[in-house]
């Protein structure tokens, strides 16, 4: 009856630098967002990550970011829509090369970090990204913050979209994420985080910080991939979802 | 009866930095090797260059290089075959994205600078590059120095290859290029350069520095794309080739 | 009686990419702002530029920018004050190395592009930059937009500052630069541009776009360094200033 | 009577990527080689590493490397002596900025990875590096592989040099390191590694792989800084050296 996709950012190592525990986390998720060399990742890391994702039956997507390796793509950069279009095509293409080399298709595209956040609110940027995705391959699914400009732009462009929620974030009465500057932005209790997700999937509702219920659409849940705590949570959320009669399955099938 | 491809390295600008006179040179050539962001080029330059190449009816290929922007990819870097495989797939893929966005196919791949030169003599590196090209798309044509390890590796991998000659270089009695360290490495006289190419195409022969005729296969001729002198030469060689009943045509048709 | 410094951004070439006509422009200016490898410039360009500046008797300053080579440091990046402090020290130090190697002192520091503009209005960023300059060498002179937060921060930190004006920009009645988005932001007439500077130096006044006179302090005038038009203007403004009994002299003596 | 310096490569983190356990290792060593942003390190990491080194009373040196972050500066790159000179000055200067900001002096310079290895055997490269160090500050001490071209070049340039040995490497009868391609290149037994160092310091002798004693000069011993095993070894070698009446002290005093 109910179905949900679990996604995680992977392939964030770079050269000698190791980040994340990709092989372990892959056993709990259904969609992998793979860094494309701008904010993290390098060609060799991309090849390895594509291969282990496919080996684990996990669908692969591009995770394009801003060209800011020092800042891990988390710092806003005032790029033009045209520049966004160009850097998204470049990065999708680069990952596409590794998928073609393995004889597999790309499932989705999810912008990373500051690019994701800027595109959630900036219509022109969102449209440029959606157009880039559509132009490279109209079968690609565009992942964006639930209810964001990026999701709207994707729909307008003719793409299938995936409304994304974050398991460990609280929501405001208007459906937006509580800003990280607020003390209650994060949910630290795993049980509570999982319950919130189950309710979002089954009832399309979330209890806001203001105490009111808010309607939220959700197609995919983002979980973290770094550290043993993240791994334990990944296993827990997958287990609870399945025990709650929710099929955990890649959005692209 | 006779047919030849004329190729040129394009898309070598970067950010505010302009290099080459791509629009002008495109009117004389049939295949464009487009830089992919490692030794030159950036996503916006790649998009623009792909578009003007297609607009001019010129076939497009990837021109992957070493990750050395300061050195323009001309300095040898001791990479492993696996690293070569990975960086070639990444760069082909990146350019592939822009071609897909324009609804066009990629014709060929030609490694750049030090990667091209290293692959001419290093069998393991040549095989890794050929495998990368084949895995991404077995229809791609691999350009390499005529008679080089790279061409051999391409044939062994099952790729169509293009034997490349340089209009302005002299040859040794064993068919190798005269090293640039030799005083007579370059042909400075345009007439002589063009005549040498015409003879290579029609007779598969070139007069070596030692005064003996050497057999050389040639499918494509590389010409330069920077400066007015290069442009004048491009126009001249195209004109003379056509006047010599040699069809100037992209190798991929 | 009257004295002014003429500064220009130099050393903006990178690898094979040439930008600017540094040797020619050096004959007209008194202070050179040398790019430090983040938005432009590389170690070899820095060495060469330091040497030709010193050879021409021009004082040298660091021109630190944002780590954005593709965007030439012109795109705002949301860095923290601590990150600004760190990247400014790094870049001053790097140029300092080349000056020490030549047995010379550094005169000044002028942030570049988006870093300069952000520091003109952002007090915390301005203070971080001023502290970085002071900590490396309290004798350094900090160049900033006349009347900006950066100049205030420099004074507060105990640095000598230089109020900078732009020869080809118009001013608003509150003393701010007319935004580039306005049609009359730029002065295209060389005579008018030079006259405005002469008046700013001699009377500390400028006629605003609103038709009122505004008081402006000026210690240094920024001129462009790319292209023959820029070179002609550099020669013209230097000539007119000297003919107007204004001594053109490096601010640091 | 006997004295030795213990050095370690530090500050090799980059952005979000953590490498090494610098704070712990600093308690056992006397000289820190700090990465300068080319092969590892970034401005913020440099500032932090300089501060914790100084706080622990450890002398600071620059650890310039090749511009190859993906390869961690370990892949040979065919740079010219002039390029080596320029990139070494740039990197020394950058670190110098952070030391000046802290009011401290730099003690030494030790090239990193492939730059270190190439300079051990390439006289022209070694001389360019030595000249760069001398020009920036003739008081700097140049660290190089014991008996290498780099040490010779440093002496010829008028620099104090430090002959460096590696605790965990074996030696050949001619005094060179056993190449890593040989099965016995590394000493895996900590006791044996420490004993070899003690003998090198006290007797200037090392037992070669061929079973003969070889004379070796040693001023500083390089130890690793990554992982708990490295930390345990650092503590052990320091303890044994001191118990063997060898003063462990920074080479610059």
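Note that the chains take the letters A, B, C and D in the order they are written out, and that residue 1 is the start of every chain.
What we mean here is this: contacts are C-beta pairs under 8 Å (C-beta built on N, C-alpha and C of every residue); 3 or more make two chains touch, one makes a residue touch a chain.
If you're wondering where the values come from, they're calculated on a predicted model, not measured in any experiment.
Chain copies chain B and chain C are related through a rotation whose angle, from the C-alpha fit, is 180° to the nearest 5. Interface note: chain C and chain D, two copies of one sequence, contact each other through mostly matching residue numbers (shared numbers exceed half of all numbers used). One of B-C, A-D or B-D repeats the interface of A-C: more than half of the contact pairs, counted by residue number, are shared by B-D. Averaged Cα coordinates give chain B a centre that lies 43 Å from the centre of chain D. With each centre defined as the average position of its C-alpha atoms, the distance from chain A to chain B rounds to 39 Å.
Under the contact definition stated at the top, the residues of chain B that touch 2 or more other chains are 42, 70-71.
Residue ranges on chain B touching chain C, taken from their complex, read 14-17, 19, 42, 69-72. Contact residues on chain D toward chain B in their complex (touch as defined above): 67-68, 70-71, 75-79, 114. The part of chain D that touches chain C in the complex is made up of residues 37, 42-44, 46-47, 82-83, 85-87, 89-98, 100-102, 132, 135-137.
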